[in-house]
Structure formats: C-alpha cells, structure tokens
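To start, I am sharing the structure in question, which I have written as structure tokens.
Chain IDs A, B, C, D, E, F, G and H follow the sequence of writing; residue 1 opens each chain.
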Amino acid sequence: MSFKIYLSGEIHSDWREKIAQGIADHKLAVEIKSPVTNHQASDDCGTSILGDEVEAFWKDHKAAKINAIRIRKSIEDADLLVVRFGNQYKQWNAAFDAGYAAALGKPIITLHDTELTHALKEVDASAQAVCSTPEQVVEILAYTLNETL
Amino acid sequence: MSFKIYLSGEIHSDWREKIAQGIADHKLAVEIKSPVTNHQASDDCGTSILGDEVEAFWKDHKAAKINAIRIRKSIEDADLLVVRFGNQYKQWNAAFDAGYAAALGKPIITLHDTELTHALKEVDASAQAVCSTPEQVVEILAYTLNETL
Amino acid sequence: MSFKIYLSGEIHSDWREKIAQGIADHKLAVEIKSPVTNHQASDDCGTSILGDEVEAFWKDHKAAKINAIRIRKSIEDADLLVVRFGNQYKQWNAAFDAGYAAALGKPIITLHDTELTHALKEVDASAQAVCSTPEQVVEILAYTLNETL
Amino acid sequence: MSFKIYLSGEIHSDWREKIAQGIADHKLAVEIKSPVTNHQASDDCGTSILGDEVEAFWKDHKAAKINAIRIRKSIEDADLLVVRFGNQYKQWNAAFDAGYAAALGKPIITLHDTELTHALKEVDASAQAVCSTPEQVVEILAYTLNETL
Amino acid sequence: MSFKIYLSGEIHSDWREKIAQGIADHKLAVEIKSPVTNHQASDDCGTSILGDEVEAFWKDHKAAKINAIRIRKSIEDADLLVVRFGNQYKQWNAAFDAGYAAALGKPIITLHDTELTHALKEVDASAQAVCSTPEQVVEILAYTLNETL
Amino acid sequence: MSFKIYLSGEIHSDWREKIAQGIADHKLAVEIKSPVTNHQASDDCGTSILGDEVEAFWKDHKAAKINAIRIRKSIEDADLLVVRFGNQYKQWNAAFDAGYAAALGKPIITLHDTELTHALKEVDASAQAVCSTPEQVVEILAYTLNETL
Amino acid sequence: MSFKIYLSGEIHSDWREKIAQGIADHKLAVEIKSPVTNHQASDDCGTSILGDEVEAFWKDHKAAKINAIRIRKSIEDADLLVVRFGNQYKQWNAAFDAGYAAALGKPIITLHDTELTHALKEVDASAQAVCSTPEQVVEILAYTLNETL
Amino acid sequence: MSFKIYLSGEIHSDWREKIAQGIADHKLAVEIKSPVTNHQASDDCGTSILGDEVEAFWKDHKAAKINAIRIRKSIEDADLLVVRFGNQYKQWNAAFDAGYAAALGKPIITLHDTELTHALKEVDASAQAVCSTPEQVVEILAYTLNETL
C-alpha cells in the first residue's frame, strides 16, 4: 500500500521536515506534496511573472490564483491531507484547504498544540485524527501502511 | 430569480442583521441561512444533549459534530456563501466553510476589512467578490437578482 | 429550516414512534421516512407480487430488491440518517444503510445501547452523534432546526 | 486485465489466505487489500498513538477513525469488494463497508454460509455474486480475468 | 411518499395506459413521464422543424437528437425507470435508456414476456424487479409507496 | 412536463423576446432565465458596487466575476441551454457558456445564421439541435413539452 | 497519446479481430477490452461456479451478474466504447452498454450496416461516429491518436 | 510534481512550439496535449473516413464529432488548460473548451493580447492567470512545478 499526502499550513517551522524524516526512517511508501513554502516567492509570483500592480490587493490576488494551481492539484491528488496550525498566524488558507479536502471526502489529520483545541473544533471535528506532534502523524502513516504500532 | 444564501463566520457583530435588513429593504427573493449564532448553545450542545465530558477536547468535539449537521446542509443547499472575517478572532471555521463551498463549486462572497487583505488572499482568490461592507453584499444580491445597480 | 430524515434499522421496538412523537411535540419541520416496517410484508413482497420461489434464497432476493427501491430513494432524499441498532438481531441491513449514507456524504446519527459501543465503533466513527435514547435524537433535531437547547 | 480487490469482514478465520492462495495458484493479476487484521493493534491504535482515554467509547472512536483512513482508501481504490460474514460476530463494519461500496457503484461479492441467507438478504441483493466458499470467489476472479471456467 | 417514473420502450401496445390506470385506481402519488409516443411525430420532428434532409440517416439523426432532450430529462428526473420490451421490435432505444438509467444509479423495473428472458438477461440483471404484466408493476409501486401487498 | 431554459449570448437583437413571445403564445410551461442584458450595467457592476479601478482589466474582472454568479446558477438550474451567436461580435462568453453546459451534460440548442456553420462546428456538434430562427427554438420546446408538431 | 477501448456487442462475427489487426497494423497505442466472448462460458458461468438452478431465469441471472463485473469495469476504464450491432440478434446488452457509457460521458462509436439506421437512430444520435466497417473504426483511432488521415 | 496540460485554441501561430520549447529548456515534467492542428485534416476527417456529404453542415458535423473524441479526452486528462485566443478568428471552439474545463473544475490559463481584454472578460474571470506571452505560461509552469521564479 502506498499513499500520497499533502502537507498544508504553517511555513515558519520545521514540521514538514520532521514528517519527511520520519517517513524516510520508517521507509514508508508515502509521496509528499506541499505548497510553495518559499514565502517571498509565493507572495511575489503573480507580479513577478504577470507584471506589477499598484494595488496590494491585486498583487496578492494574482499570486494567490497562481499558487492555487499547485495547491488544488495537490489536494485532489492526495489520499490524505495533513494540516498544521501554528499558534502565531491566522492561516486561514490552511483551514480553507481543510474545508476543500473535506468536501472532496479526503481524510484529514490536523496537527496543532492543545491550546488551539477550542478555536479549531470545527476543523478537528472533520478530521480522522488530531495530532500534537509530527511524530504522531508519522506513526499513523506507519500503522496505516504497514500495520505496525 | 431567487437565491438561497448561507452567512458563515463572525458572530460578534451585526453584519447578518444588516444583510437581512438590506434584503428586506430591497424586497429581494433571498432565503438566508446561518449557523447557530448563540455562542453558548453552540459550545454546549454536545454535552447538554449527549452527556458531560471530562476532557474539553471531547466536549468541543461532540458540539462541533452536531453543529456540522446544520452547517453542511446549509452550505449544500445554498446558491451562494457569504463569509465574514472579523479582525479579532481566528475564525478558522469560516475559512473551512469557504473551502468546503469552493470544492462544491458554490460561489463565494467574502466580507472583511481591507487590512485583512494579505492574510485572506487565498480565500479572496476563490471568491466572486470581496466586500468590505454588508451594503456591498446586498448590492451584489440586488444586482444579481433584479439587474439593477 | 426543514429536514428530511430516514429512520433505518430495528423494527421490533417503538423507537420510530417515539421520535415521531417528539418531532410532533416540538413542532419540528421534519419529514420522516422509513422502510416498510411490516415484517411479514417486507419478507413476502417479492413472491407475493412476482410469483413463488422454491428456493428461500430467491424468495429473499426478490423481496430485498423490491424493498431496496424504497430504501435507496429514501436515503438519497434524506438530509440525515438515523440508524437504530437493537441488542437482539444482527441488522446488517442497518449497517449497510449507514455505509451507503456515509459514502453519499449524508450525516448519520446512531442510536443504540452503550453495551454495543465496541461492536459498532466503525459505524459510530462515521456518525455526527451517537445517541442512546430517542429523546436525544429529537433534541438534536430541535437544536439543529430551532437553535434551542 | 487486472483487478484490485478489497477483502472486508471476518478476521478470525483463514478466508483471506485461501483467496490469496487461489489467486497465486491461478496466477491472476489481482492486487489484494485488507484492513489491519491484527485485532489488538486495530483496537489499540488510537490510544497507542494519540494518548490514553478514560472512556472506552473514545478509545474505540479514536481507533476506528484511524482505521477508516486505510479502509476507505482501499474501498475507493478497489474494483471489487469481497465481504465475508462469519456466523459468530455481528460484523456491522463489514455490512457498513458493503453499503459504502454499493453507494460508490463498486461491484460486491458476498461470502457466507447459507444459514445466513435471510439475515443478509439486503446485502446479498446488492451483490453481483453470493458465494459460500473462498474457492468460488477465486473462480469468479479467474473467469472474470481469464475467461476460463 | 411520492414517485416520479419514466416509462420507456414499446409504443405499439397499451401497457402505459394500464399502468396509468392502475396508478389511478390505487390513488398512488406517482407522476408518469413518457417519451413522445406518437410514432409519426417522433420520426418527423427533426425535418419538420429544422428542414428536410435528403439522406434518411440525417433525418433520423435530427429527430433522435431532439427526442433525446425529452427522454434524458425524464430519466434524470425519474426515481424509477420502467422499461417495456415487446416481442416484435428490436427496441434498442429501450435498452439504451435502461443502460443510461443504470449508470445514473436509478432503479429499473423491466416488463416483458418470459420468452425474452435469455435475450434480456443483462438488462434484467440490472433491474430491481422483472415483471411480466403491467399489474405487477403497479403492485410494486403500491407496495413501495403505501406499504400494502 | 415543464422546463427551465437559459438564454445565453447575443444581447443586441430581440431573439430573447421572440422566444419569450413564442413560449407565451404556445402557453408552454417554460421558465426563462437570462444574463443581465443591460450592457452598461453588466460592464459597470464591479466598479459601481466594489469601487473604481485604474486598470480596465480589473474593472472588467470585477464585473465578470459578479456576473458569473447569476450566469452559473442559471446554467446549473437549467434543463436546456439556448445559445445565440450573432454575426457581429466575438461572443466568446456564449461559447464558454455552451462548453460549461456541455460538461454538465445539459442539452444545448444553438441559434445562428447558416453562414456561421463552419466557425461554430464544434459548438454545433455538441448541440441537440441547430436552429436558424427563434421560431424553430419555440417549435422544439412545444414539441418536447406538448408532443405536438 | 494512448487509448483504452471497449468492444461491446455481436460475438458471432470477426469484427473484434479486424479491429485488433488494424490497430496492430497501424501500431496504435490502443488497449482493447472485450466481454467474455466464449458464448457457452458466458451463459454457464453462474451455475458452473455458484451451483445449478432449476429455473432458466435464475441461471441467466447469476451468469449475467457475474459477467457484469467484467463489463462494467471495462466500460468505466475505457476512453471510448465501440458498439457493434449485427443484423441477426437483438443484442439488447450492446444497447444497454451504449446507454451506460453515454450516461458516464464516454464517447461512443457505433458499427452496423446501414439497413439498421432507423432502428438504431437513438443510439447513433449519442455516438461520435457511425461506422459501417471495422476499417473505419481503425481509421478514426489512427486519426485521433496519430493525427493522420 | 508533474503536470498534464492541454493547449487549446489558435492554430495559425507558433505559440504551442514556444511553450513546448520553454518546457524543454526548463526540463519541466510537463506532458503536452493538443488538438489535431493540421487544419485540412481536422476539417476533412469526417468525410474522408465516413463518406462524403452534400451539405457542408454535415461535413463539418462529422468532422467536429470525431475531433471531439481527442479534445474531450485531452481536457479530461489535463491538470491545466492553456487557451490561446488570436486577434484574427472567432475561435469559439477555444472558448467552448475553456467553459468545458471550467465546469470540470480544471484550472485555466488564458493567453491573448491585452486588446482582447474586454471581449474575453468572462473567460479571463474563470482563469487562474491571464498571460500575454507564451513565456509567461512557461514561467507559471516552472514556478508551479519547481518553486522557482
């Protein structure tokens, strides 16, 4: 059994690397996809490629629409969405991705500190598992793919 | 032409009332649905009906799952989602609803202050219109239904 | 807000009547559908209408296929499936209905004694609420439709 | 022609091994998937990975939701569901899987003793074939893939 | 409970009238739709409205495409397809309608003499019931809607 | 039988009025929907409601996205799309609507002069009928709904 | 570009071999699937594997349901359905397959003598091409895949 | 990450070659599909394979339906549609393809001169990016696949 996963959310910590390392350590047949995690590039792609904008709104709009090409394909291809919420930013895009995946019937794993439990209750309620560490995410993948605890 | 709309998001301001008033003033054929906006009831419904929980997580979980019955039916029935983001709270559930609606191909109107433009760029990029006042939402409905500006 | 619900499962107790009574008492805008609950008719419909069978298997087969016309339409029309498991019978058809509804993305409420918790864990895991009394089902409907606890 | 099949149901007998052996003997191009069949692991996975629970209900809930990741992907990937009902347990999860597959339009083969015919009539009525031995399942696969009786 | 049915197939006998009469006699909440059963009109509609054709193929083509507007909407709206095969004509369009309905997951009732059993085995295998008289069709509808045998 | 139709395309001639008149004359049970056909309003709606734009591109963009709310709902609700191409303008939006309807499996009637046959061959090939006058469209509706030529 | 095709219909002539030979001659990247074309095996598979039946109806029923496993998967996997109608038999199953494919949005090529034009007008109207020889089918495949006439 | 793209529209300029060259230069994992771009062959395929027609309409019709086999499969397989509008022709088929892709939820990139902005506003409004040069299309692909600006 093999899996494609999409890692949505926070880009300011190393949770993606930890999950990737755990997958490598367990030799799991998991293909990982992520959004563009270079913050500057992801903010600038629209105007850099398609031309400058005077209004910040349109700069963001052009960037977000280009980024959506990668994100939506990744979610649609994924067998599982892992969505990470940090304590610092609003990350509405991560919650948007989770809602998008939920409507497609994709299983979701959320990853966040327990202090966010109340604020994330609707997202967590749509998830198959609520993790507080990347290691737990890896353990779920290992159990799901290799039947080992 | 008539419309069903779902008003998702912020529950601490009177934006829903303003939209409802505008719809009434313009005599628009719009049916409005909302989540349970009684904050206390929406937090307590799970344990109140199905029994207490020791863990806050499970209290929230039971409530969120019951609330999802109303929310998902409302989104699935809606012709249009209006999603309001305030400046104060994280409102991940509002972004989740927007992602859910986007995956179903429902048109979305976002409603938020311009200072949230950058944080909401992915949600705005999936929207048909980005409003900063409830009056603008009503004007779009009036134009869409009655062809008047 | 109004709802269509389908009441699947046990036919040897009065849980359907209790839910119907509760809905009437609360004056809820809920339309109730059920399978044919006349046990004899539901067993005999195939051979009674389409001709006798020597083999019990084909008698059951003809009946079950005719009954499926009503059941599937009811599930597909429903906004919510309430599925009741009693302690006495195997009721695989109730679990089948729950799986069918789950794949269609319909919300599910299960209704069973707590002693069945372990045996029903997969069905419960796909449900929005797990009730042990018909009154709880009615309370969820009342809360969902009328926003009252 | 090749096939992906999912073997749902009873975990206390060797029917999966017999089907796998028959597939190997006939050199059929069939990829087999199963749920986690280690009973202990499948019961404990939730609490083992995500932390203990006081309530048995939540222990089961966490486990069942994690197990559903593997099960649902396997059903969705499968060309055919084989579902086994034994005489001993309630196996509501097997019937749930059958209903889930039926709603997705997946063909189903049931496998059970003839004494269960009446109790399983609704599930059998949704199946393409009703077998009483694993050998019959293999023969159907051999015929379907290799055109040989 | 109410039903929409589509009556596909043979236009040279009075089976549609018999079913309609039976529905009226039983006061069943059934809405009946049929293709255009005026043979001449259904053959001529294309050229009559859109202009003559030299080639018989294009005359038929224009007619069949216009007729398909009514037929497909009727099937898509229907809760149930009743498809009648007579002994005399090839009625490939009836079998086409049955296949179309089957792919949409609509329940099918076939209606034909037993001498056609072998020739219609694939269509019958996709049906919920195989009738040999219009009265049987009515009895199934009466049972399904009113729970009476 | 009743129908919902959407009239897409040319806004500079009176073809919509002719179809509406024909429907009224024949007393057909047809509900007609159209885009906003006030050219000025449809161009200005975005900036009028949501604020001015310096760039013509963004002015058009805001307008087109708001107009899409009405158009897409109308197509999705329609049983039939009638799409009119005039000789004068490019009307890419009409062809876009036709492609959109085709992908949803909606039947399409095209309406255009024969001199456009070659340029419109791909759109015509996806249509159930190709008309050159509004009267022909009405005749098809009359035949489809009332079975009369 | 490569294609998967399903060859449905007549089993008493060598049209499948001619198409296969043409595909080989043109070195086209086409994967061909067919139903079980061994007439005896396809009639007997049900009773041979699952046990004898007294009634011819149930013998046919068991066989047809098993055959449907292969047929439906093949149609669902196919990029194109080629459906052959001979002059001799009723071949309702071929028309059923065509209807099934049409509802899934699969392109269809029909293959039959011109004398069947009127009887097959509804099936032809749903097809992308109507051929009278296997060579024409091969030419369409060659053109579609290799852009050569 | 790899992508399948479909290049729809103008066949009288070298935009496809420029995109293909850019993809090769950047060593992007992109598979390109196009319609048959041999204008003569694409006009003649119907009559060349299936026999002459007296009426130009039917010649075009037969050709367009055969061409649709390739086009629709390519769009359905594609992760992204790039649609090119030139200044010279009406290219309703390109707009039709864009509408078709939009209804399937496929991301779209449009490619056209800025002077076409107003005429193409509805198509552009459904696109993720609006480019004026093939190089911009390649840059979006490079950014999406390789995360580099």
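Here is the rule we go by: a residue touches a chain if its C-beta (ideal position, glycine included) is under 8 Å from a C-beta of that chain, and two chains touch if they have at least 3 such contacts.
All values derive from a computational prediction rather than experimental measurement.
Residue-numbered contact pairs of B-C overlap by over half with those of A-H, the repeat interface among A-B, C-D or A-H. For subunit A, the chain whose average C-alpha position is most distant is E. Centre-to-centre, using mean CA coordinates, subunit C is 50 Å away from subunit H. A straight line joining the Cα centres of subunit E and subunit G is 23 Å long. Remark: subunit E and subunit H have CA centroids separated by 40 Å (rounded to whole angstrom).
Each of residues 65, 68, 130 in subunit C touches at least two other chains.
Residues 56-57, 60-61, 63-65, 67-68, 71, 85, 89-104, 114, 117-126, 130 of subunit A are the ones that touch subunit B when the two sit in their complex.
Within the complex, the subunit A residues that touch subunit H are 33, 36-38, 41, 44-46, 48-50, 62, 65-66, 68-70, 72-74. Remark: subunit G residues 1, 3, 79-80, 107, 128-131, 136, 139-140, 143-145, 147-149 touch subunit H in the complex.
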